[in-house]
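Both of the next two complexes hold subunit A, though its partner changes from subunit B to subunit C.
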Partner chain A sequence: MFADAAYLLRRHPVSLAGVLLLALIAATALAAPVLAPASPLATNPGDALLPPSPRHVLGTDDFGEDLWSRVLWGGRIDLLIALGAVAVALLSGCALGAVAGFCGGWIDEGVMRTMDVLQAFPSFILAMGVAAALGPSLRNLIVSVALINVAIYARLMRARLLVVKHAPYAAAARAAGNPPWRVLTVHLLPNCLTPVVVQSSLQSGWAILTAAGLSFIGLGVRVPTPEWGVMVAMGVPRITAGAWWISFFPGMCIALAVMGFNLVGDGLQDLLDPQRR
Partner chain B sequence: MLDVRDLRVAFETRGRTVPALHGVSFALRPGTVAGLVGESGCGKTLTALAIMRLLPATAGIQAGDVHLNGRSLLDLPEREMARVRGAGIAMIFQQPRASLNPVFPVAAQLTHVLRLHRGLARRAALAEAEALLARVGLPGPTRILRAYPHELSGGMCQRVMIALALACRPRVLVADEPTTALDVTVQLQIVELLRALQQELGLTVLLITHDLGLVAEICDDVHVMYAGRIVESASVEALFRRAAHPYTRGLMTARVRAGGRALPTGIPGRVPPLGQTPPGCPFHPRCHLAGPECAAAEPPPEVVADGHIVRCHRWRAGVA
Partner chain C sequence: MTLLTFVLTRVLPGSPIDEIAGPMATSQQRQALMRHYGLDRPLWTQYVAYLGGLARGDLGTSFVTSRPVAADLASFFPATMELTTWAMLLAVVVGVPLGVWSAVHRGTWIDHATRVLAVAGLALPVFWVSLVLIYLCFYVWHLVPPPIGRLPALVTPPPPVTGWMVVDSALARNWAVLGDAARQLILPVAVLALAAVAPLARVARTSMLDVLGAEHIRATRSLGIPWRRVVWTYALRNAMLPVLTMLAIVYGYLLGGSVLVETLFAWPGMGRYAFNAISGNDYPAAQGFILYATVVYLVIFIVVDVCSAILDPRIRT
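And now, the complex of A and B:
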């Protein structure tokens, strides 16, 4: 597996770039306490709205907080939201889709019509509604971003399962004495994972965007928290005053993280398909 | 050994019940190979699936009984039936490559079965898997263990499937057209392997096929199916020498013979679609011997000779 991955990355420099980008973001986010020159929440009114300079590499915001420190700490929160939301959506969506596809009948109908309802709303509006109803907090942000993605995973899983459920190897597994649940979990699920894993990498990028968007409009995490979306929002009123850096750097971070996830998603597609190795 | 009695299977579609098997009966003698032959759509595979209790959700067993070593399989709770599958009766399928799971290497699939049914530890299972692959004549078993199904040829996949089927030491092996998807040369190798394993392990085999050459090659008994019924049962010598049913004789003449001058004649018409079986003997519209009684009533089984049973009103007229 790892040898395959190494070989693949050498052949796809673009995926390699994505992996390196994500690795860099993750590493700096994890090392934030060491790398950050100041606390992300340390205000210093005397240093407010300073442009990038050797003392404050990325400048400071309204409260004189060091943007470089805040961007580093923000990586932790945004990656946590992305991975948390994707993990929640993936686990619940796949479980629902797998059961629906495998059982069929009224279970299938019930699950998939519920997913229809979820998808009937524009996803960001739904996330807004859920986030507003639950109240702004990190956990609720993760839940609302996850909820709008559940249907995607459920559909993906169900569609794939409907194909593989009738494959001869499923019949062969039954004939070898596997009970139905083991045919599903041991034999069929591994054959359904490729599109799901690829999707989750792409979806992680979207999750960051959605979370940042929710925070931007005040429905995600609250203002002093170093989260990229909130930071962009804080900088917006200052752009006309010429303080472009407050929004620009966290915005760049969002863009780079989304790009990293997308590039990795493309690479995963090749890696996980045994026939394309 | 395996005893199938008056097995009736029907499909339920849109509130309609369409019978597909009309009372199939046969018995497998221990340690022999029985062939189940007939044209496509006559119910061969359905019979096998009914024996394994793996019918599609739209089909159901209406009546009849299947006994394995005197135990009725149709009454078993699902949990115990799962134990019979693989360990009591194993099955191999038409499309060897598609029957292997594409995301796992051969080793994982073999050891999974060994650990599931025989409770072997990881290392013992791996050693046993290697022994099984060597047994089915695969060269370089260590290399094959690491291979994925798409890296193997069709013949190799079928050998792996046979190894999988034998992994739990079943007493009965149901082989559903095991050579249909393979090259002629590979077909012969697989047939020889099946025959050798059957004799070595004393297996009882039900071979489903439409290839009479294959039947002549390895079967001891033959059951000829037509439209969901067994129309003739006989030992392989009796069937090839003195086939009594006009359908069986039609199948014989439909074979292409190397070196023969006459073209194969074939049987006019087609197998009647499910639900449109003609009244009386289902074969009478295609039969050159058919008389008025054939359309009136379904012929009962008649004994031609010891162990040779035919269902035809006019078999005497055909046997010269």
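And now, the complex of A and C:
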């Protein structure tokens, strides 16, 4: 495991950059209460729309809120959304895929056709519909971003399970008298997780982009929550007046976080695919 | 699929009646409106009525514009189609050669530069890139017109034939309007294309590498056919199949991105229509958009499948 990780980082300096980037973002987000000079919600009309300066490193927005503090706190929310959405999608998708692949028959048909329907929609548009239906809130945002990824995990899991289901060790586990659920959870599932893990890193990046996009059009968390997508949206009316900093910095954080996840995901994919070594 | 969109939009919080009736309406007026739009009936009867309408090509009537949704979408569709198609063309013209180029020069700085570009292109949020470009190209450098839709204010649009501003003005031989329309297109198209270039370049690179390693390519090389020709004629055709599939996926991505880009550029397309519909609880309109976008997406997938069959005789059965 550690040898693999070391190999990966040596072979792929880019993945190392990704790991460092993510670590940096996570650390600053966790340390936000210590690092942030002001509360992310402290308004100060007298300081509205100030450009970046030594006093406000990244400037201030319409309400005089300090953007540096908001960007730091925003990291918590965006990482929470990404990891939350991926965790929800992973758990439900894997469960569905595992049951479908293990049981087969009409259960398999039913689950996989439902997944087909989910994948027939362009993903952002489906997320939009779900987010609008559920109403704007942090929890609903996580649910709608998760929903568009469920099908990917279900498919991966089912495909993998169909392969290992007929392996000799599965037959041995059954012959030893294990009930079916035990064969599935103890003997088969651990052997199906590798592709799922790789997918998760790439999906986390997508999750941040989708969540920020939804918040940007008002379907996610709301102003004044320090979420990067919302913060970009707050700067829109000011951009043609020259106040570029309000939208620029939060958007850049989104880009950096997504890039971090993608670089790590790429590296993992290379590591697990011996053909590409 | 219709059931999902129907249920999704019906459980939207808030009622469209609030939007139509306004805050001054009495409860009797509201009841009458509910009955008029059939919203007082049970959900399943509403759904059956909706399906019956769908079968006749009727997507319902928008609560806000009071026009049939199908007509609304049809009038907004060309604007979106024009935007996404130009973006797609630009992305293919840039992305595919870029992918092929980095495959041929695998491991050199060209390959690495393309890889960095692809990673960046995938990571940049579309709405943020739009804002940065609007700021730089419009506010700072004055390179492009303001983001106010398909034509500058005070310009009379050409008579609609195809609904594509560029094509229509060319058909009307109105070169001034053609130039105006093209200038309005530059920025939104560039933003959407940027997002689409990355996945295309990556797929083109991977599949080109696979093909270049194949036996028949080595055979053509040993026949003394120039390398350039081997790459661009023999290998390219085989390498294009995964790229085609990717095109369909990317198109779905562009449709989603169009919601964000159209909102920012005041582009009168389906995306902005959907955005307004969702924020105004306009069920039939939101439903219509989700359905329309999905149908367009599926049609693109079918077209791509047919193209794959034409390119690859092995798929035909």
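The working rule: the second predicted complex is superposed on the first by the 251 of 277 C-alpha atoms of A that agree within 3 Å, B and C clash if a C-alpha of one lies under 4 Å from a C-alpha of the other, contacts with A are read in each partner's own complex, and residues count from 1 in each chain.
Everything that follows uses one rule, which is that a contact is a pair of C-beta atoms (placed from the backbone, for glycine too) under 8 Å apart; a residue touches a chain by one contact, two chains touch by 3 or more.
Model, not experiment: these values are computed from the prediction.
Engineer: Between subunit B (first) and subunit C (second), which, if any, makes contact with A:A211: first, second, both or neither?
Structural biologist: neither
Engineer: Who does A:P122 touch here: subunit B (first), subunit C (second), both, or neither?
Structural biologist: In the superposition, A:P122 touches subunit C alone.
Engineer: State whether subunit B or subunit C is in contact with more residues of subunit A in the superposed arrangement.
Structural biologist: Of subunit B and subunit C, more residues of subunit A lie in contact with C.
Engineer: Between subunit B (first) and subunit C (second), which, if any, makes contact with A:L22: first, second, both or neither?
Structural biologist: It touches nothing on subunit B or subunit C.
Engineer: Touching A:W244 in the superposition: subunit B (first), subunit C (second), both, neither?
Structural biologist: Touch status of A:W244: second partner only.
Engineer: Which partner does A:G135 reach: the first (subunit B), the second (subunit C), both, or neither?
Structural biologist: Second partner only, subunit C.
Engineer: According to the stated criteria, A:V183 is in contact with first (subunit B), second (subunit C), both, or neither; which is it?
Structural biologist: Neither partner.
Engineer: With both complexes overlaid on chain A, does A:V258 touch subunit B (first), subunit C (second), both or neither?
Structural biologist: So A:V258 only meets subunit C here.
Engineer: Kindly classify A:L219 by the partners it touches after superposition: subunit B alone (first), subunit C alone (second), both, or neither?
Structural biologist: Touch status of A:L219: second partner only.
Engineer: So which positions on subunit A get touched by both subunit B and subunit C?
Structural biologist: Residues common to the subunit A contacts of subunit C and of subunit B do not exist here, since the sets are disjoint.
Engineer: Taking the touch rule as given, give the residues of subunit A at its contact with subunit C in the complex, in rising order.
Structural biologist: Residue list for subunit A touching subunit C: 14, 117, 120-126, 128-130, 132-135, 205, 209, 212-213, 216-219, 229, 232-233, 235-236, 239-240, 242, 244, 247-248, 251-252, 254-256, 258-259, 262-263, 266.
Engineer: Within the complex, which stretch of subunit B touches subunit A?
Structural biologist: 52, 54, 78-79, 82-87, 90-91, 93-95, 98-104, 112-113, 116-117, 148, 150, 161, 164-165, 168
Engineer: For the complex, give me every residue of subunit A touching subunit B.
Structural biologist: Interface residues on the subunit A side: 167-169, 171-179, 186-187, 190-191, 274-275.
Engineer: Along subunit C, where are the residues that touch subunit A in the complex?
Structural biologist: 1, 4-5, 7-9, 11-13, 115, 119-120, 122-128, 131-132, 134-135, 138-139, 146-147, 252-253, 255-257, 259-260, 263-264, 274-275, 278-279, 286, 289-290, 293-294, 297-298
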